[in-house]
Amino acid sequence: MKQLGIVGQSVRRRDGIGHVTGQTQFVDDVTYPNMLWLRMVRSPAARGLIRRIDTSRAEAYPGVATVVTWKDVPNNWYTILCLIGVEPNDEPVLAQEEVMWQGEPIAAVVAETETIAREAAALVRVDIEPLPAVRDVFEALAPGAPIIKKWGTNTFMYEGMPMRRVRFGDVDKAFAEADHIIEGSYQVTPYEHAPLETQACVVKPEPDGRLTIHSNTQALYFTMDNTAIILKVPSHRLHMIGGTVGGGFGGKVDVVTEPVTAIAAMKTGRPVKWRWTRAEEFQASSTSGGWRMEYTDGVKNDGRIIARKVRALHDAGAYHRHSPYGVTKHSANLQGPYYIPNVWVDAYCVYTNRQPASALRGFGVTPASFAAEVQMDRIANTVGLDPWAIRFINAYRNGQTKAIRKKVEDATLIETLQAAAKLVNHPLPEKFLAMHSNDWKEA
Amino acid sequence: MHNGPILWSMSLGGGASGGRLRSAGEGVATQEIFIPESSETALDLLSQHGSDVFIMGGGTVGMALIGEGAVSPPLIMSLSRAKLNGVRRTDGRLEIGATTSLSRVAQLIDPPLLATAARHVGGWAIRNMATLAGNLFVPPPAGDAAVALLALDAEVVAASKGSTRVIPLAQFFKGRAQTALAPHELVVRIDVPRSAGTSAFLKFGRRLMNTPAVVTVAARVVRDDRGMCTDARIALGAAGDHPLRVMQAEAALRGRTLDSTSIEDAAAEAVRTVRPHGDALASEWFRRRMVGVYVRRALHLIGG
Amino acid sequence: MRMVSFTLNGKPAVALVGLVESLRDVLREQLHVHSVKAGCGQGGCGSCTVLMDGEPIVSCLLSAALAEGREITTVDGIGTPTSLHPLQQAFYDNFAAQCGFCTAGMITVAKALLDHNPHPTRAEILEALSGNLCRCTGYLPIIRAIEDAAARMDGGR
Amino acid sequence: MAKKRGRGLAALHYPTGMNLGGDPTQALIYAQPTGAFVVKLASTDLGQGLKTVVGQIAAEALSVPLDSVIVDTGDTDTAPHCMGTFASRATHRVGNAVMMAANEAKHALLEVAARELEASPRDLVMADGEIWVRGSPTRKTTVFAVALAAHFKHGTTISGRGIFLKPKSPLDPETGACDPDSTEAHVTTVADVEVDTETGEVRVLKLSSAYEVGRQVNPKMVEGQIVGGAVMGTGIALMESCFPGYPALEPHPASFNEYVMMGAADVPEIESVVLEYPSVDGPYGVKGVGEMTANSPLPAIVNAIHDALGVWITELPVTPEKVLRALEGTAGGT
């Protein structure tokens, strides 16, 4: 590898002095004179029909500027991947007819101080008629389960199919040729991004009719485009400022603060700040998805995996958000860094009446890597090989084809295995030390 | 349209209730915060306002509840300037002012059980703010110092305007978030008598430091010169509605040497009698199991 | 509302505070001390740590009314970009800040630690940091920075 | 009290980028008249250090000192589109766009320098803010002088436009065939654990990893991702859950007291080596490292627990309760 100049040097961080002196400006540090604070009223029910939303007492509370409900949202659909074809719309920005999870936003109280907004939020009255909730992905797919989606299934529909499929080779034929069939079931429950900085934005109406939106989004243009769609304004009326974020981990790719705060700012003509509480961050921000995965692998006595069949159920919670994409990413990566000639995957994006899931560091791949790598040790155990050997034997090489028909071109699994063995002083047989990722030739 | 019953017909909190996203009560603006400069003034205020006043020791629990809208007290009284802090030793008794910080308590050399327990509460900043008496009012799985105080036969000095009474700590807890305190009473001091025997404090949390308890155990065993247990205290945290002593387990030790058999008997008694709660940290089943393991471990520490 | 006066980073400060307002919010919203971060409001993350009379507290849980007469120090009083405290220099050199949101709280508690105990052991550092969460760094760079600062400060004596 | 030790292995790949909807990012670079270069981006630094690494990439490509590169990011009024910071894409995508813009700006700079030095741009050499004619080191000028001349004398701009686009990959719904990413980084992690068989408590003693991440732009910041990810991954493996009774909706943690995550005292020993095999299409051969570092601890720890106890615990997080139940064969193992 060619030696370069400044690339490859551990120069200090450009924002380092700002960080260590507390002078880096985060979104919550942006403040304007005359700024209002927003507090959200959220659903206490996991699923139900909204019969009445009465904001009158909150509106009359001293210091309250306005209360924003679905009636104020020009295009009350929050479908953030609509620009890449994820449809149909399924999530309102503010709940209108029904609630689908405990914590779903219903009404935003906007007041002179955060304390007043909090006090007044307790005066918003919402009548909800409960409906049976679906809590589990297996339950959601079982016959007779309550159908919680308007299109008539509890799954996302991929080009008319209820699952994302991978079909490569002939798994049934390979299972018949296998010496061992090794099964495993795996589960990952939702966890939080838990950045130290909660979701926040400040929206300021400008004299020229534009809105300046200070945001800690991970994706400024993406947030701008989605906000413009919801506000039904051309995107040139929005000016996003950000770029400095107190930890993201995927949780700030949701566009959950900007549209409502912008509506509040337009409605009042004043700057508005919305900073989520930590309880909201835990109970109302997107989580990682829950996953249940069932693996069946066909393996030869020499340790070669010749077939993998996987059924994976992703618990997306109540709405799409980024989940349909995560399932695709999951499907594309669950053969791991190995060559497997026959792969069959059915991966479902399943809806439940749970806090919506979305992207989180390792989106869709983390559960796949977890299941596939524990599965590797099970295989090693069954065929009587050690955990190092099973990985060398199956390691993919440059030039081979993955189940998704993509040629492997940057493989280095073998090299990391060799380096890790050296790091922990684990002796490797000569045949594994002699391997490298470019030693495969097409027959 | 469905015509079933309307279950949720209530005012909804914008923030949280006990850290939750819904609130049972309505928001009311706080009208006054009292910061009495003496215990007498504090008791005067309490006699005037009684249970309407929300009492804060260090505020580490109260301020969080207020900030999340879980409680909206019209009146608040902070005791932080009421001169109720300080530690005094008289005749072997340790008299600890109600608002003495847990950091101060953690520095006490004797009894080591109490200092160790105080060090297990929260992080450093929380211990600088949280008070010893306040620790009697925090619901499980918090309240480690209270567990040690139970094992030390501590007494609560409760005052109201014009009178003072002493409540043995073992009789202080009446239920979850319920105590023997009358509405006009205030904990002003906690007395720890000189105690005999050997003690041990163990806490099992889901992380190594700054953690609520899966289970907390404070044990103290008094033995005669033949090694027979003449008296024992086994107190547990996170094992029920409040910090509690497991008297059946204590009884199982009396008149016996501290050996594997008696220890197993005591642990089994403890497991049999506790009624722990399940929560985000541990299930009821697991807590019960850990009560057995940790009572056994604490007694083995003492035995060794 | 009530008037509260205290010493902030060595200078007198006065604020008109709400009855249930926290010191954190008064520092941030009225006195524009934005280094004190609003991470949880539950005392659980340590991002709002300040020193009160030299001892670390979480300012989100202190009613601002109780700051009357106290000496409050934030990271701004520990060092500035043109005059970094050795701890700040060590955090910078050891890449101990990533997103930077927890950093001021970490440095503030570390300052109190080194004031009390100039030669802390690894265990004492862990105990001092136990109330401060970081989601980015995995803590090790922060621990190394504090050890580094302690060594540097010793060398300066 | 019995404590048992075990060692577990995990070997992973991780994709860089996600282009099933197309995955573009743009950058603009221009020279100020006194020779500083401004990099204009609408990209986001989450703490991983994007502002620092794009400065390094721009300085490298422009052959100018790092100090003379200003990174101005995070404003949609002043900078062109960036898809965002996610999918381990930023250093790769933004870096590529910055490198392309820097190359164009450098080309413009050398054109002006060539006029100033009366030489062909092809014969010019540039380093550390100086430009000279190859073989004639005395025929030289500075970036400062050239930038000034471009603006005030030649009336030309020194600027560059850059974009990286991995075009949208069609996905065959029948077979799943697609090209969803740009490159793949790899890691092998060895976890050493100790399990208390009475309480089910798992202590991770050490995580040893060999990473391969393409070229490292800033090795200390790569290490920062590795250590931070190892700790987050350990927490995900052993502690973290939004629904500890999953699939039950309660309990539902709402605070850092209830939501268990790693504190400083829980951090294991972490050792790593980093291999560099440049990627095919990353700027200078980089691959994404942001997400993958939290992944390998999950299976490595579970495999280590199996090594210690002989039971598979296949539901995360591996709480002490799950370990205990698995040991007793009551639940949790499948």
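For reference, chains read A, B, C and D in written order, and residue numbers begin at 1 within each chain.
Everything that follows uses one rule, which is that a contact is a pair of C-beta atoms (placed from the backbone, for glycine too) under 8 Å apart; a residue touches a chain by one contact, two chains touch by 3 or more.
Predicted model, so just to flag it, every value in this text is computed and none were measured.
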item: Any chain that touches chain D and chain C; value: A, B
item: Middle chain, criterion being Cα centroid separation; value: A
item: Selected interface, A-B versus A-D, where C-beta contact pairs are more numerous; value: A-D
item: Separation of chain A from chain D, taking each centre as the mean of its C-alpha atoms, in whole Å; value: 18
item: CA centroid of chain A to CA centroid of chain B, Å; value: 40
item: Approximate Å spacing (C-alpha centroids) for the pair chain A, chain C; value: 33
item: Approximate Å spacing (C-alpha centroids) for the pair chain B, chain D; value: 46
item: Per-residue overlap in chain A, given as positions that touch at least 2 other chains; value: 10, 12-13, 15, 102, 115, 194, 245-247, 249, 277-279, 283
item: Residues of chain B whose C-beta touches two or more other chains; value: 16, 19-21, 64, 68, 209-210
item: Per-residue multi-chain contacts in chain D, two or more chains; value: 46-47, 49, 220-221, 229, 232, 244, 252-257, 259, 261-265
item: Touch-based graph of the chains, sorted into line, ring, star, complete or other; value: complete
item: In the complex with chain C, residue positions of chain B that touch it; value: 19, 30-33, 35, 56, 58-60, 63-64, 66-68, 76, 78, 80-81, 103, 122-126, 128-129, 209-210
item: Complex contacts: residues of chain A adjacent to chain D; value: 1, 4-15, 46, 81, 83-85, 102, 133, 135-137, 139, 158-161, 164-168, 184-192, 194, 217-222, 224, 238-250, 252-253, 278-279, 282-283, 287, 290, 315, 325, 328-329, 331-333, 336-337, 345, 352-355, 359, 361-363, 365-366, 369-374, 376-378, 387-388, 391, 395, 403-406, 408-413, 415-420, 422-424, 426
item: Chain A residues within the chain B interface of the complex; value: 39-45, 48-49, 51, 102-103, 106, 109, 115, 117-131, 277, 279-280, 283-284
item: Residue numbers on chain B that touch chain A, as the complex places them; value: 1-2, 4-16, 19-23, 25-29, 68-69, 72
item: Contacting residues of chain D [partner chain A, same complex]; value: 7-15, 18, 20-22, 41-47, 49, 51-52, 55-57, 59-60, 63, 66, 71, 73-77, 81-87, 127, 171, 173-180, 183-190, 208-212, 214-221, 229, 232, 236, 240-244, 246-249, 252-256, 259, 261, 271-273, 275-280, 284-285, 287, 290-292, 294-296, 298-300, 302-303, 306, 312, 314-317, 334
